[in-house]
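First chain A sits with chain B, and in the next complex the same chain sits with chain C.
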Partner chain A sequence: MLHRGKALSAALLSTVFLSTLLPPGFASAQSDPIKVGFMTVRSGALSAGGRQMEEGLKLCVDQYGGKMAGRAIEVITADTAGQPAVTKTKAQELVERNGVDVLIGPLAAFEALAIDDYIRQAKIPTISPSAAAEDMTQRKPNPWFVRAVGTSAQPYHPFGEYAAKELGYKKIAVIADDFAFGHEIASGFQRTFEENGGKVVQKLWSPLNTPDYGSYISQIEPDVDAVFAAFAGGNGIKFLQQYNNYGMTTPVLGAMTTVDEGVLKSMGDEAVGVISAGWYSAANSNPGNKEFTEAVRKQYGADPGYYTVGAYMACQFLNNALEKVGGNVEDRDALMKALRSVSIDSGPYGKVSIDDLGQPVMDVTIRKVEKKDGRLQNVVVKTYPATSQFWTYDQKEFLAQPVYSRDYQPAKK
Partner chain B sequence: MKPSLLWVAAFGAVLILLPQVIGSAYYVNLCSQILIAAILASSLNILVGFGGLTSLGHAAYAGTAAYFTVYLSAHAGFGYLAGAVMAVAGTTAMALLFGLLALRASGLGFLMITLALGQILWGIAYRWVSLTGGDNGLGGFTRPQPFGIDLADPAAFYYFALVVFGLALFAIHRFMHSPFGQSLQGTRDQPRRMSALGYNVRSIQLLSFVYAGFWGAVAGLLYAYYHQFVSPHVLHLTTSAETLLMVIAGGAGTLFGPVVGAALVVILKNVASAYIARWMMLLGAVFVAIVLFMPDGLVPGVSRLFRRFRNTRRTAMKNTEPDAAALPPTLGKRSA
Partner chain C sequence: MHFYVMQGLNGLALGALLFILSAGFSLIFGLMRVANLSHGAYFMLGAYVGLTCIDRGYGFWAGVLAGGATVALLGGLVERLILRRLAGRPLQQVLVTLGIAFIIADACIWLWTGDPRPVPVPSGFEGVFRFQGFVFPKYRLFVVAVACALGLALWLLMERTRLGAMIRAGVDDMDMARAMGIRTSVLFTVVFCLGAALAGAGGVLAGPILSVYPGLDSDMLPLALVVVILGGVGSLGGAFLGSFIIGFIYSYGQALLPDLAYVILFLPMVLVLTLRPRGLMGRRTV
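Showing the complex of A and B:
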């Protein structure tokens, strides 16, 4: 009797002792849902991409049955309207009012840059499903930021080399959207293309909302070997159509977004034969991607493109990190560390890991538009495995140079 | 005490107590944004409401001041105060130049010139990448700490914005009720008669234009402090159009109209969008409703409704206090 009493009190004591060791609210916090703040665009010019992002994220959360690392996932969606000021307010709302544990978003680079300081100040782990601005993981890295897509220029370093070495082009004219994304793509391409003996003889910048590319197409020098067209959104559709209407026969090289699956379905035969580069193609035959594209086609009846896969992978990154920290999002430092060391072996991207600035090292593929199974597809021609944002350059030397821009680097006559 | 003063005091007390009442940092921040938008809308109201000069380029002043102060303080090594003074002075000087250009025309021509000037600035912000960062914008700016008060705190920033807002509203109120302000309203209603009376219509309009630009610059300064970031969006036509909407929806030519309009737009844009996916349609519907039912704006419209309601009740009750009925029911009385 005495013994039993002693044992009981010892057990009681140890429980009390143990429970004081545990952080307060431990038991309840572990069973609360993990709140994910998702910033997308539902209104305005960028809303098509925003909708694809929502689809990608939803697919991923559903595949996990709304649960990651044993905790329910609650997604709180906010519409940033594609405006930096609104994006900031929405980020504040998600963090301060909704108390989210992690942010996924926003869509556009200028939106991500607008909340850059806020992310640091609020110390909120942020996964970018789309914004590609180079400097966010280069010259101005943010310790609370990790990207689930390539930087603007990441696929075009290999592409420049490919165009010079394997396609044997010597002179190329560049036409691109006149904003940072277009500038960075064009300059990354130009750099490796020229280092391999090619020459960019002309750079044309068309405004984002150009209604008619005729005046730009007619400026293209007639003796170039190819035209590198770097467009975002629906501009690729307009450009390729008009390029065809003008009877141009010079081959077209594209950016990933020029012939992105999201717009490819709206294109006709004029897109066939366009060679482009990207960190993702819906037609890539690696097993993880087959599963993913089939799921997207079944759910949404279309091939996944840039935004769909970006948001999907952002969610996969989150899952990967959550498993590592055992679902404990309350320890933000640990979660961020896990996000910064994500490594996934199979999935839409194939093998992917994160470098020390928060940028994925991933396979870059050269793709060619072909008509297969009754629809246009980016058929993979060549794969450059494990491509870093710095390509083969030394990281320090790369970062010592200015960021790619409209004037860096200039066209050479 | 006049009832209008009572109203102002009550309004002020509510604004001062607001952060204590709402508590949540998010809503306090939202209120700060409303105050900033209200200063910008009030400054535009000087032109639209009192001067009859409809401008579609008012974002130019807020945007320029924001760019100036972020650039000077965060990138060119000037202090906050120096940056702020130079930003406001530079922007006001720019308003003088823009005024000289735009006031050569009137009506639709004036509108188009202000629109064009605003677009030029937007183009510069977009293209002059080495200075403005292009469409990626300029960041790296932190909030100042005047007298040891850390404005990074939402409530502290709210009070800072509130003080500036109070000053702006008072200054605009004084301006409008000064003989000069009265003469501006004269040029709106009877430009030829004013001219015949010996007033220099153009210089009256020009000075008012510069004055509006000055308060626009102050709003831009607060905008930069609040967001700690500036991108070409602030200079975009949509910002100008939105500001004009605030003035018109709230009630052009009244002191509090633009404030109400600013609150309406900021709340619809930021709060309604969290609950309604098609909030743009809601925004449109609200404006159509305002134009249909209260074409002169919310503040005059509501006060007219209020007056009518009181009058009908009074006649029904057969109230026989003649002097009480004669009292002006609103603050924003407009000199006839």
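Showing the complex of A and C:
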């Protein structure tokens, strides 16, 4: 024990000594690989999303031949099992034991919140490939955090307006997963839908592990124009099938994740006609996306969805920032600054830039599920270019209001 | 009126689903005094096997059989090779079943990716049944019928067959049954296989309603526990009654008191445990 302690302090001393003699970054820059700590989920209920994230990241790293800004990229993967406590341990392990230069991950918002303090304290640049919790780039921004996906509500501000103005819906019933993601989606939608003359007449919050949506479906008001169903993971499959089984014919509007490509491939005709909004659709025909979806289909035999594109873009953000700082990850402040000013002109998202809180400003598309080329696809029917997380609202006023929650504006009969 | 009838039907369908889920659990718990915590995993494994059968074009009913048979075989092996060695040590047995549940869950992700999958409604049961302005899915009515038939079949098995008599003797007094020459060792294996088969086949039957996804196992296990505790340990009649009580409470409760959606399934259990700890139909034995 003593020996090891001595050896350790000797090693520490020598590094301190060396680093004072040499210019910063000299010892490692341009020679050692850049270490990327990747937190994904390989076990448990969220593992399907975790696998898609891994596929997206791997594709991106491979496309760059394992090198960015002239330096080799070494990805160190950790399985968080989708549990916040494990996520925290893994983040610490990656940073302190593996000495990673940047983190990509984790998958779920509650995991990301669990490491929020640690990221600040360790000053480790973190790119979120999936977690969408609003406040992480709004009322509680983290200077070491940048997001490569939309916030929960980002696509639903335009969608609420679209439902009222272009679809002409007046009365809508909302059913959503009863957790922050569902609350935020539903609230964003309700806000603009009602500002444009619509009315949310009913709100049903179903627990995440609801065995049977039958008793919820039976409660839906018979005279609504449409049902807005905001589900994540496999719940969209369950809900749409049961909705269909109950012979319901009221049109369904969906969240991006209700009919995400990751689950859409398993769905049947019950999904056809569902209109949703999102910051990505595999069927978007912009050239950057065509290239991307073809590569994913070739490699993994399925359309990319939320998780695949999120991790792929997180990796593109990293590349974009690394180019700017010439591969010098040792200067973390500079790297973080570069990550916060990522600007990409062409790719799966089309054009994307970052606002001053670390949130992408990106195109939001309205998509409609259609059967094309023998498979279900989210065909783009309208694009809202360069959509901010604050939509058309004033940022200050937006942030002065409390974050979207279960209690946002009750339903009005 | 419409509301109460519709939610009543929903409650009936959910109750039926719960009975199909928990019958096997109750059977095993009753005889072997082992809370088989792999039950949810058996249920999920059965559903995946059934789905594979359907994918390969053998049809839904072959899927139900295959799901039941595969899980029965697995259950038999687990009982013979593992639980047997821990006879008389219920705590260890329960822990082992929990470990097996984790292994099955991870194996399912490995074998069937982890993508959530819907199970198609079998042909002939698609669509809805319409009557006087009420609309209800045909398949759910069928599930109610299956639950009732299953209840009846199990009742006949227990009350009218030699095997049933042996099981009942074992439930009441294991030592005495053994002394009377009942080969409890074989009996245990048979009952464990049967309980597992019910879980596996039940998973496929519930598939068109629940779909199959990683996490189905841990979503279902607490429900089986609630039903069995409410109904009374080892009482199939109790499990039947418990299933439907919970089905109704859930379906009315979450509609009338939406804020209680999380506890509504567990409230009746807490109440029963406080007022009548052996369950609604549990007998005062052991």
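For the reader, a short list of remarks on this structure follows.
One rule holds for everything that comes next: the second predicted complex is superposed on the first by the 387 of 413 C-alpha atoms of A that agree within 3 Å, B and C clash if a C-alpha of one lies under 4 Å from a C-alpha of the other, contacts with A are read in each partner's own complex, and residues count from 1 in each chain.
We take it that contacts are C-beta pairs under 8 Å (C-beta built on N, C-alpha and C of every residue); 3 or more make two chains touch, one makes a residue touch a chain.
All values reported here derive from a predicted model rather than from experimental measurement.
Once the two complexes are laid over each other on the shared chain, residue contacts for A:Asp79 go to chain B alone; chain C is not touched.
When the two complexes are overlaid on their common chain A, residue A:Thr89 makes contact with chain B while staying clear of chain C. When the shared chain is aligned, chain B comes close enough to touch A:Ser405, but chain C does not.
When the shared chain is aligned, chain C comes close enough to touch A:Ser206, but chain B does not. With both structures placed on the common chain, the touch criterion links A:Val369 to neither chain B nor chain C. Using the contact criterion defined above for the overlaid structures, shared-chain residue A:Ser43 touches chain B and also reaches chain C.
Residues 43-44 of chain A contact both chain B in one complex and chain C in the other. Those residues of chain A that touch chain C in the complex are listed here as 43-45, 47-48, 51, 178, 204-207, 209, 211-212, 214-216, 218-219, 233-234, 237-238, 241-242, 245-247, 262-263, 265-268. Note for the complex: chain C touches chain A at residues 3, 6-7, 10-11, 13-14, 17, 105-106, 109, 113-118, 120-121, 127-128, 130, 135-137, 139-140, 208-211, 213-215, 218-220, 223, 250-251, 254-255, 258, 261-262. Residues 42-44, 78-79, 81, 83-86, 88-90, 92-93, 96-97, 109-110, 113-114, 116-117, 121, 133, 135, 179-180, 183, 405-407 of chain A touch chain B in their complex.
Here chain B touches chain A in the complex through residues 24-27, 29-30, 33, 127, 129, 134-137, 139-142, 152, 227-229, 231, 233-234, 269-270, 273-274, 277-280, going by the rule given at the top.
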